[in-house]
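In this document, chain identifiers A, B, C, D, E, F, G and H correspond to the written order of the chains, with residue numbering beginning at 1 in each.
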Amino acid sequence: GFARVDTDRLPRTGDPEVVYAAGKTPDEVVAILGTLRDAAPDRPSLVTRADPATVAAVRLRWPEAQVEGTTVVVGDLPQARGLVGVVTAGTSDSPVAAEAATTVRAFGAGVVRVTDVGVAGLHRVLDARPVLQDADILIVVAGMEGALPSVVGGLVGTPVVAVPTSVGYGASFGGLAALLGMLNSCAAGVVVCNIDNGFGAGVFAARIARGMQR
Amino acid sequence: GFARVDTDRLPRTGDPEVVYAAGKTPDEVVAILGTLRDAAPDRPSLVTRADPATVAAVRLRWPEAQVEGTTVVVGDLPQARGLVGVVTAGTSDSPVAAEAATTVRAFGAGVVRVTDVGVAGLHRVLDARPVLQDADILIVVAGMEGALPSVVGGLVGTPVVAVPTSVGYGASFGGLAALLGMLNSCAAGVVVCNIDNGFGAGVFAARIARGMQR
Amino acid sequence: GFARVDTDRLPRTGDPEVVYAAGKTPDEVVAILGTLRDAAPDRPSLVTRADPATVAAVRLRWPEAQVEGTTVVVGDLPQARGLVGVVTAGTSDSPVAAEAATTVRAFGAGVVRVTDVGVAGLHRVLDARPVLQDADILIVVAGMEGALPSVVGGLVGTPVVAVPTSVGYGASFGGLAALLGMLNSCAAGVVVCNIDNGFGAGVFAARIARGMQR
Amino acid sequence: GFARVDTDRLPRTGDPEVVYAAGKTPDEVVAILGTLRDAAPDRPSLVTRADPATVAAVRLRWPEAQVEGTTVVVGDLPQARGLVGVVTAGTSDSPVAAEAATTVRAFGAGVVRVTDVGVAGLHRVLDARPVLQDADILIVVAGMEGALPSVVGGLVGTPVVAVPTSVGYGASFGGLAALLGMLNSCAAGVVVCNIDNGFGAGVFAARIARGMQR
Amino acid sequence: GFARVDTDRLPRTGDPEVVYAAGKTPDEVVAILGTLRDAAPDRPSLVTRADPATVAAVRLRWPEAQVEGTTVVVGDLPQARGLVGVVTAGTSDSPVAAEAATTVRAFGAGVVRVTDVGVAGLHRVLDARPVLQDADILIVVAGMEGALPSVVGGLVGTPVVAVPTSVGYGASFGGLAALLGMLNSCAAGVVVCNIDNGFGAGVFAARIARGMQR
Amino acid sequence: GFARVDTDRLPRTGDPEVVYAAGKTPDEVVAILGTLRDAAPDRPSLVTRADPATVAAVRLRWPEAQVEGTTVVVGDLPQARGLVGVVTAGTSDSPVAAEAATTVRAFGAGVVRVTDVGVAGLHRVLDARPVLQDADILIVVAGMEGALPSVVGGLVGTPVVAVPTSVGYGASFGGLAALLGMLNSCAAGVVVCNIDNGFGAGVFAARIARGMQR
Amino acid sequence: GFARVDTDRLPRTGDPEVVYAAGKTPDEVVAILGTLRDAAPDRPSLVTRADPATVAAVRLRWPEAQVEGTTVVVGDLPQARGLVGVVTAGTSDSPVAAEAATTVRAFGAGVVRVTDVGVAGLHRVLDARPVLQDADILIVVAGMEGALPSVVGGLVGTPVVAVPTSVGYGASFGGLAALLGMLNSCAAGVVVCNIDNGFGAGVFAARIARGMQR
Amino acid sequence: GFARVDTDRLPRTGDPEVVYAAGKTPDEVVAILGTLRDAAPDRPSLVTRADPATVAAVRLRWPEAQVEGTTVVVGDLPQARGLVGVVTAGTSDSPVAAEAATTVRAFGAGVVRVTDVGVAGLHRVLDARPVLQDADILIVVAGMEGALPSVVGGLVGTPVVAVPTSVGYGASFGGLAALLGMLNSCAAGVVVCNIDNGFGAGVFAARIARGMQR
């Protein structure tokens, strides 16, 4: 077949395999998803980067599927353990934040959203401080405001996973400026994911949050 | 004065400020360190990127200072809570791993080291699986083996903080190849720090490990 | 004319010229292909990067043409000598692998395919070890899993030709991350082709495989 | 001769030519400086990027020369008109800030310094707000804290000239990360100079400050 | 809500928030614009990067809106204080210059335009010298003529804000060539904005021009 | 007006201004072209990078216009003085070569074309040696064969202007690979133009060829 | 210990592990070398990138060690099977070629050298054609002549492993220009190694040559 | 031997081979130079990039050698035909200009120097106009003033060979900024050489100048 689904991932890592739909046909996605549902019926299955045709094909087969932008979840969400704060700098960064939040929920942790707290209006971040402090871990999503994770990481001791986005123009070079800014952050306790990779940040943060003492 | 030491960092984030010695004179480092010791006498103070002259100056003032490569710790290490695995691909990546491990200990978590488990001899990583699984979080340090975090992240469910190093030559471009490889890792649950940034990875991992349920 | 077909290539290098269809009109491709068929009727002629219009035009003239994605072969395939393993990390890397495999066959060697053996599920690569060992040479195709050639190259002594693909997003920078990772591989015996260049890898591997003692 | 000194610059632009000493011998610098002193005896002459040998040669000829790091001023400083705030993120950024401040003074404006107000300890910037607001224009110098100009530019309406420095390591790429972060700043009213170019920022800011209504 | 509008920006910085429409729906833009109109009815509100659908939606709600390319202004323009010269190298750079000029007017300064004074026909710049000298500050917009700000900055003492544009092809790399050229300008008194960022240059220049003595 | 046509260019440089149509409307191109025709009726006027709508608009006004791809010439071609060889590596490089050849003719020199002499079939270049030697100057156009100018430059003493093209894929990075290869050529006597800049190479070569002794 | 020597590499891949001495102390190299000698006494052991101190330390312990530049071989060379041609463009590329040739011999194949056959004097390559054709595989080493592998690959059917070197200046960018040129080679059958990686090319080529039918 | 000197270059291209001394020992340079003197005793032999030891070794053997910086000429200079203008922007660009000028003379053309005509003081270029117009071809050397070739190319019709230098700092990126600016020049008739490549520009320009009608 075209795919060799890694159904052994759940026993090995504690979390099931997911489907990255980019570059796959709707039929391929449905087939792989079927295998995943069979292998781990008690855990939800995730599809990321699904275009409308793929979303439709998945919904046809699993009408109960929950869709959030280009992310699809099939199967009941687990009880949430721990709390992940998902913070966005600007409205345009929302799709990546949504991918992150949906992933966190599917991987078993709770989510609290903090939106549009750009650095250019600092009081918005300062006002959000109690929420930022209360979370077990933060995902900070920003494109034109690569500065945000540094500010957040200096404000609270909560660990920060920074996700640069490709939002911006000119010398943003498709997210490279935000990526480099985040990697060089002076605030200790900031780690970084690939540009636009809400999924990866979500899995990482969920694993941490699930294991934290409360 | 030349510096405005952030002594408020401990109450704000739960961890004290540290000294990044690169570009500072030994005298400046000793002065800042003195301020930090006074502000938080119960927590150790860390100096990173200290050259020999700076190490000597610190030792003159605090003979009890513990030195590991270019990292210096002044003050008693806290009781270790949680466990951080520090994994290196090759012998040449050791200095960065040492910076990470020393930071983890100074920030209050325990360390287990796994050395020289390069991907080109896979059985070495496979043999280390029990240790990798047992840690609360892993720091994976690699320059020429940018592939290692992907392999580790696919093997166990323990969260992985990848640290690219500037070890290598030619198209490694000072660590850029390893950095990009780690950012694009297909294994979920891998996040990345700046090239050679053992310190940042150490703070992040210690915070996580300290909070984990055991 | 617009083209000066290198019909002398067969006596000079032992292999005939092929047509790179990108940037050529269907008519131009058919004309060049005609010249190649006349010059070397006993060897198949290859067209790479053919869009649908070009495929149709070639098929109109040579109904027996065999089409695999954007690659077209006109003329009987030679008897296969030697064996090339074509390995892919993910489903999305398949088109490049298909170009490689078709080229290998057209240039006179046999092919065995190993699909979807991503590094994040290592047991899949380990299971494939006998096949990997049995081939004369391996073509390893990967975009988001730039780590795969290193893993394969450390597992078996079979020479590896790595082909980075442009599959991925963000800091993959159109295949650059995979390319750099493969160039820096610590596993000895790994060489690299241009991003998405299944054709070049195929010619190289076929020449090696054809000459190997069995 | 080796140089064609632009003595016409003062009537043309209102400010005299200066000497960029990098790549010139001490003798060449002294010769050009002599021409500049003769052409505009009422305005101070500036030498930037002077190594110790050049500083010594200038001092031998003009014992009254004022030296600040690698910047040398010969001639009386003009009366200060307007006020430029020179803000630094970290101690290591001081040499660039010093070049900027010395230039501002030599070009006829006043200077107020705000040091070590890194974003990771935000209260330090917030405390400096009255000073930042009071200046006619701000020069914000930062290497590892590329975020600082965004924060400052969102806090006050004072125009900001950001100067990235080459301080940092790894993915700072010699100041590129800070440069890109500053160019993408979401705070309106932030403009950028070349990496380490304290001189250019100083001339620009002095011209603005001199012309401002008080 | 999806946005946390920074209505406090006017008291904090003296200028109101604006709407960056890229990546926002027309409805979102209209909603944010409504909040801005309410918060600061005496100052005009700006929308940048508005596509035709957004322009139409804004015009439906505020028929008096003034549209210039992709920039929209709602509310009466303030009395102009000071004068900003907006200079373009080539016809293709006009849209960026228009964004800059509209922003300058909305932020309360006057504008004088100098168009198509490319360096390849130097007399055009030389002829414009009186206008260049008469302005309080200049915005110089250029893509293929990255040399223009250097020439202007050497000709007159008026401060120059250079805006590289993405106009060009080949090794212009989307404006990178112009950006680098402008950053390295030998003429003192040249600062730089992000590629195509007419808005940012406009806010900066307006603030300067408003405060200048006449 | 939107444009300040450099009609003084002919007396100043001996060659008239041309129109770069990218980013201009058909009406703007026609208007500028009219000004150029009036200013220099005895010399042909050139339009480069004209899209079909612009070509149509020009033809409507000047039915005698000669069109070659995206290049348009209005006015009688001058008598050819000297000879420029225009050499292409592959069929896909033809459009750039056509722009170069048309420009050469419009600027008053003669053209001889040598097509499809890729380095991979060296005998084709060797066969063309007499033609290469006979020209006054050569324009060598290549994308995937960045090696061609080096080979030509080592074969004959005729000066070579190399034009990299954006033809290619993967690590060609839009012509960057060819550009760098050509800049590093070991053959003395090779100079380089911008990627795809057939126009610039044409003007340069025509000026040289016109002045050569025969 | 500091190292976990991969002594299982010989049974797994058919070739023993080697020592990459960069970043290791002479003592570490001698210790690892001892382990390798014990594990595979019948095969020579290789040290690459050895500085003079390391060479001396190895020679002290194994006086029979053979040294070629920075490469050291301990143990008897195996009988040569097959033939690898090592081709260099210029004299300055010799050290990389030497590393390649020594590796080939240590890994059991024969070597024939072809030196200084730069493309700018094409007849030198043409004269070498019989030797190039006679080898089983070619290693082509070049820095400023990135064109050489294309020329060789078009001249003969022998498979080509291209090794870019960091020789050059300016826009060679440490070997990047040669690397990109080689990756984009139009000649089929050219694969590429990391910049300056004579070792990797040597292992690959030796494996191929050993297996070829003669 | 280590070198295969291209003594056939003179009959083939009309100019003799030269020695690029970087990466060669003084002995190797002397040996190659001896071969070149024998092969073409009537033409001078050139050595470029000679360090002091190499200069001394050459002078020992040929006491009549003429040395200009790192360039050495052995043999009588030919009668000058045609005139090359060598123009520099700043004093620091002089070494590259000297390499160019010496090469021009050794290859048989005359030289006129125009120094320190930076764009920031435009009148200096304008004053030089008669000299610029009088030359057959211009070599324009500039690092921080990448704008100079555009200005010169717009001022006169003389063909321009631009040589970017590595002079500068920060975002000059070793000459990349100047290189890109020169490649994108809007002035027609500007071609470009590698960064710091005075030699290449000199050969090219001398060939043109020698052939020009006067």
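Please note the rule applied: a residue touches a chain if its C-beta (ideal position, glycine included) is under 8 Å from a C-beta of that chain, and two chains touch if they have at least 3 such contacts.
Keep in mind it's a predicted model, so treat the numbers as computed, not measured.
S.K.: If you tally contacting C-beta pairs, which comes out ahead, E-H or B-D? Let me know.
M.R.: Greater number of contacting C-beta pairs: E-H.
S.K.: State the chain with the largest centre-to-centre distance from chain H, centres being mean CA positions.
M.R.: It is A.
S.K.: Among the listed pairs B-C, A-E or B-D, choose the one whose interface is a repeat of F-G, with over half of the contact pairs the same by residue number.
M.R.: When the residue numbers line up for over half the pairs, the pair is B-C.
S.K.: Taking each chain's centre as its mean C-alpha position, how far apart are chain G and chain H in Å?
M.R.: 36
S.K.: Averaging over Cα atoms per chain, report the distance between chain D and chain E in Å.
M.R.: The computed centroid separation for chain D versus chain E comes out at 25 Å.
S.K.: For chain D, what residues touch not just one other chain but two or more?
M.R.: Residues 9, 12, 90, 118, 120-121, 154-155, 170-172, 176, 179, 183-185, 188, 194-195 of chain D each touch two or more of the other chains.
S.K.: What is the complete set of touching chain pairs?
M.R.: A-B, A-C, A-D, A-E, B-C, B-D, B-G, C-F, C-G, D-E, D-H, E-F, E-H, F-G, F-H, G-H
S.K.: Across the complex, what residues on chain F touch chain E?
M.R.: For chain F paired with chain E, touching residues are 1-6, 8-9, 12, 17, 20, 22-24, 28, 164, 166, 174-176, 179, 194-197.
S.K.: In their complex, what parts of chain F are in touch with chain H?
M.R.: Chain F reaches chain H through residues 9, 12-15, 18, 136-137, 154-157, 159, 161, 179, 183-185, 188-195, 199-201, 203-204, 207-208, 211-213.
S.K.: Which residues of chain C touch chain A in the complex?
M.R.: 90-92, 94, 115-118, 120-121, 123-124, 167, 169-172
S.K.: List the residues on chain A that touch chain D in their complex, please.
M.R.: Its residues touching chain D are 89-90, 118-122, 126, 144-148, 150-151, 153-155, 168, 170-173, 176-178, 180-181, 183-188.
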